[in-house]
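Per-chain numbering from 1; labels A, B, C and D assigned in written order.
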Amino acid sequence: LIKKIKYGLVGSTGRLGREVAEVFSENDHELVFDYSIEGETRKEIPELIIDCSLPQVLPKTIAFIEEFKVPLIIATTGLSESDFARLKSISAKLPVVQSYNYSIGIQVLLKLTEMAKEKLNGWDIEITESHHRFKKDKPSGTAKMISNVLGKKVNISSLRLGNVPGDHTIAFGALGEVLSISHRALSRRTFAEGIYKTAEFIITKKSGFYSFNDVLA
Amino acid sequence: LIKKIKYGLVGSTGRLGREVAEVFSENDHELVFDYSIEGETRKEIPELIIDCSLPQVLPKTIAFIEEFKVPLIIATTGLSESDFARLKSISAKLPVVQSYNYSIGIQVLLKLTEMAKEKLNGWDIEITESHHRFKKDKPSGTAKMISNVLGKKVNISSLRLGNVPGDHTIAFGALGEVLSISHRALSRRTFAEGIYKTAEFIITKKSGFYSFNDVLA
Amino acid sequence: LIKKIKYGLVGSTGRLGREVAEVFSENDHELVFDYSIEGETRKEIPELIIDCSLPQVLPKTIAFIEEFKVPLIIATTGLSESDFARLKSISAKLPVVQSYNYSIGIQVLLKLTEMAKEKLNGWDIEITESHHRFKKDKPSGTAKMISNVLGKKVNISSLRLGNVPGDHTIAFGALGEVLSISHRALSRRTFAEGIYKTAEFIITKKSGFYSFNDVLA
Amino acid sequence: LIKKIKYGLVGSTGRLGREVAEVFSENDHELVFDYSIEGETRKEIPELIIDCSLPQVLPKTIAFIEEFKVPLIIATTGLSESDFARLKSISAKLPVVQSYNYSIGIQVLLKLTEMAKEKLNGWDIEITESHHRFKKDKPSGTAKMISNVLGKKVNISSLRLGNVPGDHTIAFGALGEVLSISHRALSRRTFAEGIYKTAEFIITKKSGFYSFNDVLA
């Protein structure tokens, strides 16, 4: 349906990076630029760059998109406020999609959380997230997104268990009842497919700072 | 805050009936009419009637409110379509509030379910409910309410365990992720408190068929 | 079945204390000694003392049992190592039952945890506990008991939600699977009933330091 | 560590079959015999046969192992009593490992269930299982294994959601508490790795009917 994309991938050797490469390859897109701890491979100038690496790589990624003048999809978690400032600044010139979670279900969970927050005023709130033992940041970026929607400081419990792809729960508790909203990723492939959808979206944009929610809208 | 209510209770010896009597008594309301398997006690004409009994008692309850010309709060589960027809017919003359669940959280869960249903088109849906071993109907009235919101036939799993007051979960599943919304009643008192709120609402009405959602609005 | 017990209660105004008084009263036992933040009531010398208060009250409780020469059932959580030392010391002369949790299910959960620990060597372990917003200690005493069974330092996540009586989960995670064992108290009455069973057990003992597991054996 | 195995696979195009082929290939074993809905491929006589297909294929599989005189690992679910009889009969001559679930965690769950059953006499029991929407049998073979351990008829709730690899829960409920034991497969690869372990076990055996528990012992 969509044309073949020549894309670049930062963090291609990581867990998510490998899934992204697989999903894009199955859809006949071509990896023409690759940057990871194993070095840089530059076959052609990419039409867009996807970053699934770590926050410390961000300056390098920004240098790449400035050089190539192409859109950026950033899936790195654990970004600082100054990282966000840099991404927003570059988005005046080039399109940037940033999300800590590229699954449809998490976007719906965020909307449900917003609705629940309004209706359950005064209830206690607890966020819990479980991820694989290799995850570097704590709490997860998605837990921070949920916390942002709640608009106040909420206790976040972080569990690290085997290779759990990612579970998130927001629980609201009153004297007499508990309401909770949960999301469970069944595999990292889900996130790679969301990034794939995002590529189709961003490739036609000129500039601007977008969320995955904009992609789905 | 609100004036002392002289109320009637149908099903006063049941689990929920006893909780209702306790909550109303703590708030200085007076039980003046009582109908249960142990017989009828009529001290005074009640200002409203609460029915926490079983579907087969409904004709008796309707006879009472027609005799007394008072509002009805009905919390009985397992009602048939003809039961609903009778309640709606009487509501042309007298105010009736009907709900299978008088907790705030379940009302919010129903709204969240409606939103999720719209956004997760094509996902598999499963409803699960757990209740105490003494519960007579299966599936629970609340599970039926959730099913109605979904607007289509959905598989409902019913568990009967010890004296669980009432758990409900709706799970939406896709290839890659599961989103779920859960409610857990911590005690039956929650429902009695919802019925208490409903009494404050219904006592000023002249006629009409209301849901617990109308009470909370 | 068992004879009427004249018992003493330390912490009679607390959540658990009130449940204990109710269960004992339903079984025709008599509260003859009562110590709480509201003061001391001494009708008669009790045959045993139950302490459901706070760690800071322990010296007072020990003084009582030394004065009366009677058994102690201690249900206080958050005890320090020196508190335990004091209890063990007094148990040379008088019988003491100590547990952070007087439910049957938690005793079984501890045994299952022990078995799982042996068979799932090298798996990640996470403990989660949820309790009512009024709970003073964190993590719960029961979570500490679970941690002790595991015999090593384990991450404990503590959630505080409405008036949840007490949930505990131990999750074991490997690359490919997660096994978990969970307990949920449906009401505080469960604990009061366990304390009641313990009273029947301890009243015949001369001295010694016992766990609730000894009571059930 | 172990020598290169030339193996045969029945049901090679199914979900589990593909995972098995991948795990064996990563470990340098060679698929020399392949039977599926797409036909039969016979490069060499295999040293053992793995069947991940459907019950109706069993006669064919038995014919293969009788022809080749090799061990069988059977992972097919939904077997009938006569299927079991046939497998046991052939196991007098050739080694057979049969399990409805080749994960370590499920073996531990079965042992925990056995212990819990003994200690929680008289408690209500409920089994729940969730699997992907493509699963053909209901309830799952693993749920039946759990039911067998319990030694009595227990209600089993079956949920079908997206591509959930496999969740199982046994809940025990009393008046006051609920204890539950849960297992969640994070991917089908877990089962393929269990089958791989089983291959190392069975290749040295002469005859006999074995369970996956025997493999792990």
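Following the convention adopted for this analysis, a residue touches a chain if its C-beta (ideal position, glycine included) is under 8 Å from a C-beta of that chain, and two chains touch if they have at least 3 such contacts.
No experiment lies behind these values; they were computed from the predicted model shown.
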{"item": "B-D or B-C - the one linked by more C-beta pairs in contact", "value": "B-D"}
{"item": "Reference interface C-D: repeating pair among A-D, A-C or A-B with over half of contacts shared", "value": "A-B"}
{"item": "Centre-of-Cα separation between chain D and chain B, whole angstrom", "value": "45"}
{"item": "Euclidean distance of C-alpha centroids - chain A vs chain B, Å", "value": "42"}
{"item": "Cα-centroid distance, chain B relative to chain C, in whole angstrom", "value": "36"}
{"item": "Interface hub residues of chain B, defined as touching at least two other chains", "value": "162-164, 172, 174-178, 186-187"}
{"item": "Residue ranges of chain A in contact with chain D within the complex", "value": "162-165, 186-187"}
{"item": "Chain A to chain C touching residues, read off their complex", "value": "123-124, 126, 128, 130, 133, 155, 157-164, 171-178"}
{"item": "Sites on chain B touched by chain A in the complex", "value": "103-105, 108-109, 111-112, 115-116, 119-120, 172, 174-187, 189-190, 193"}
